[in-house]
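Each structure below is given as structure tokens.
Two complexes are shown next, each including subunit A; its partner changes from subunit B in the first to subunit C in the second.
For the complex of A and B:
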């Protein structure tokens, strides 16, 4: 019984060590766990999949900083790959000052894989301060918020922007964010200007977006690394991407860490219940 | 006057744009569009203020030799270097500085930022082990729900029992959403009330001085 009671006293250094092993080993030795795409990943994927090629562009708002990069960057890359493979035009912008370098890096990496041409197949608008004001400005005229792209070229000089004025010319806005900014996209782009909004968020904030899924205010939702992994899987399954599945690999580590966390919680509770039982026995005696 | 002018601006613009929303005329739309442009410019000033505040904070720390003041020097140098590289890198003929900025961001700042966030996983594991206890019926219920969700979002859940992801989905879609909706309604009503109080000048804490 003493051993069981001691279960509540595991040194935190051993816990840290075990978590480190649980993260590192699956990243070095991939387990290739099966991926079963969730309902809301499929909804977002199907929506983008049905956009006609060479038509109006999808807007991707990469509103995140490097701290959320492991979960959100694979989402951004997967959606860009999907669009480029389907010849769907893409506009990438960011309302987070840290997002510009991350999203530009993703575009520069992926565009050559699909021979995507800047200005014809994609445009990068960079960062603009103002958050909800920018969202509302795009609803009036995108040139009002972004007169020029990230490189200083006028939007009118980009052929793909010729018939793009506001949300009416944009089939969907996909907000990839680790903050509540997606709720602003829903409120301003979605509710006020009737744009379709999709979301990719960190796993911890997923719970916040379920009400918007049920109300139809969100077209679909990518749930953290799981959602990114599912999107990568769908891309590969449909032959849109041959790139290594970064989030898929990450999901192996996430899965093991989840099991480890559950094991710790069970161990902690067994120790706690035994200690409580012993204490009540002592008090009874 | 210092307090009255901002209050008058807020009251006037608050009422004007409240009415503007319901008048879809060209003049009204033009006013709205012009104001949106102004607001973007004003938002940019917020960044200037933030930079000023950051410099001020760290300069004071260095001047007063507060604990770990040398970290403030690193912060200020890093900020200055990144800002210069970012600005000069956009100038024609100095693109190599822009490349250096990207390299520093992607291979120095991004890994450091990610590493800081990753440390959370270790603390979460330790905290879950120590604090996540079935001390009451409610806590036990939370524990079970947490377990199902944790299993439901990883492939092991469906490997153990194919229904686990469905149960996890039900927890998210029904009990979780019921609670979230309540919170959202509360937040929405709170925002409306606060906005009205600000427009009408009842809530003045945004002027500074704790609403006095």
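For the complex of A and C:
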């Protein structure tokens, strides 16, 4: 009993050290824990999988900054790989000032793997401020919001944009974000212009988006690193990607740290109850 | 262990370690990295907004296309700077009013439709749709029950006693379950960020993992 009570007073630095070990060891010695794709990951994956090749483009809004990279960059890369492997055209844009560099890096890295050609298979529109106004402008004509791409080329000069005018020509908008901007995509693109919206979000904000899944306002949802890992797994299982699973490797560490934290929570609470019991006994005596 | 030869990887790795040093205790290395981050973020933000907002949305229409209507939003935008002067500070109310008015006007209808009407519609539909059958129907009823009891917790126009109190107490349980789900996901999110940094250190900096 005394041990449990003392454990609640442990120096927090030992806890940090244990968490660090629990993260580093599984990364160096992978445990290859099984990945079981969730229902909402499969829904988003299947939706994109059914888009006919060389037809209307998917819009991916990479609305995040480097602080969210570990969770969201693998999602962006997995969805781009899936689209390129299926010859589905991709338009990448961002409404976060930090998102342009991240999404451009992903496109430049992945396009050569699939011989994707700029302007024919994908387009990069870069960053535009004024999130909700941009979303509504795309509903009227994408050229209003983005007269030119990130490199200054007119959208009309890109062959893949020939028949793309507004959301009616876009099978799905996938919002990859760590903020509430996905809610704006649902409100403006989804509700107002009846576009299909999918989401990839940080684990912190996942709980906010479950109601939109239940109501059918979101096609599917990737939940943080777990969702990214599941998408990577589906890509590899179906032969769409041979790239190393960045999020998949991280999930071993996530699982071990979760077990560790559960143990801390149980020890902390039991220790608290024991301390409270001892205190009430002392007061009674 | 082979260290990276890329100087920028070294800069990123050292700054990462500076930030992690806070876990031991507050120190000058942490403060240096923190201030550097704040300064660079602000500078980067200004440059990006200048090139992506001010130049294409104000300078080009005004000075290249000679579309003089753009003087009005330009002046409204500049009115925000009156905030720095005590005497003229009140003038900021004008652009604020325009901003709030247009913002509310644009977002009111889609927000009500998205967050209230569609959600209510879905909660009722799932609880009454017999075609869902089995677990689908049961979860639909549980969801509707959760919505009603949670709303009753936030009903303050009457004293919470009798049936209202019972309902509110059940609502608290649903709220707690929601908080638990959020907290669990928050833990996963924060750990993922740590994993991202450790992956960078082990992969790009010291090349222990491929």
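In this section, the second predicted complex is superposed on the first by the 285 of 285 C-alpha atoms of A that agree within 3 Å, B and C clash if a C-alpha of one lies under 4 Å from a C-alpha of the other, contacts with A are read in each partner's own complex, and residues count from 1 in each chain.
Here is the rule we go by: a residue touches a chain if its C-beta (ideal position, glycine included) is under 8 Å from a C-beta of that chain, and two chains touch if they have at least 3 such contacts.
What you see is a predicted model, and the numbers here were worked out from it, not measured in a lab.
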{"item": "Touched partner set for A:186, first subunit B, second subunit C, both or neither", "value": "second"}
{"item": "Partner chain(s) touched by A:226 [first = subunit B, second = subunit C, both, neither]", "value": "both"}
{"item": "Partner chain in contact with A:119 - subunit B first, subunit C second, else both or neither", "value": "neither"}
{"item": "First (subunit B), second (subunit C), both or neither touched by A:37", "value": "neither"}
{"item": "First (subunit B), second (subunit C), both or neither touched by A:152", "value": "first"}
{"item": "Touching partner for A:261 - first (subunit B), second (subunit C), both, neither", "value": "both"}
{"item": "A:134 touches, of subunit B and subunit C: first, second, both or neither?", "value": "first"}
{"item": "Set of subunit A residues, in rising order, touched by both subunit B and subunit C", "value": "16, 19-20, 23, 67-70, 97-98, 128-130, 133, 136, 203, 206-207, 211, 214, 223-224, 226, 254, 257-258, 261"}
{"item": "Residues on subunit A engaged by subunit C in the complex (per definition of touch)", "value": "13, 16, 19-20, 23-24, 27-28, 67-71, 97-98, 100, 126-130, 132-133, 136, 183, 186-188, 190-192, 202-207, 211, 214-217, 223-226, 244, 246, 249-250, 253-254, 257-258, 261"}
{"item": "In the complex with subunit A, residue positions of subunit C that touch it", "value": "23-24, 44-45, 48-49, 52-53, 106-107, 109-111, 113-115, 118-119, 121-123, 126, 143, 178, 181-182, 185-199, 202, 208-210"}
{"item": "Residues of subunit A defined as touching subunit B within the complex", "value": "10, 12, 15-16, 18-20, 23, 33-36, 38-39, 65-70, 97-98, 101-102, 104-105, 128-131, 133-134, 136-137, 140-141, 144-145, 152, 203, 206-208, 210-211, 214, 223-224, 226, 251, 254-255, 257-262, 264-265, 267-269, 272-273"}
{"item": "For the subunit B and subunit A complex, residues of the former touching the latter", "value": "29, 32-33, 36-37, 39-40, 43-44, 46-47, 90, 101-102, 105-106, 109-114, 116-118, 121-122, 124-126, 128-130, 132-135, 143, 146-147, 150-151, 153-156, 158-159, 165, 169, 172-173, 176-177, 180-181, 184"}
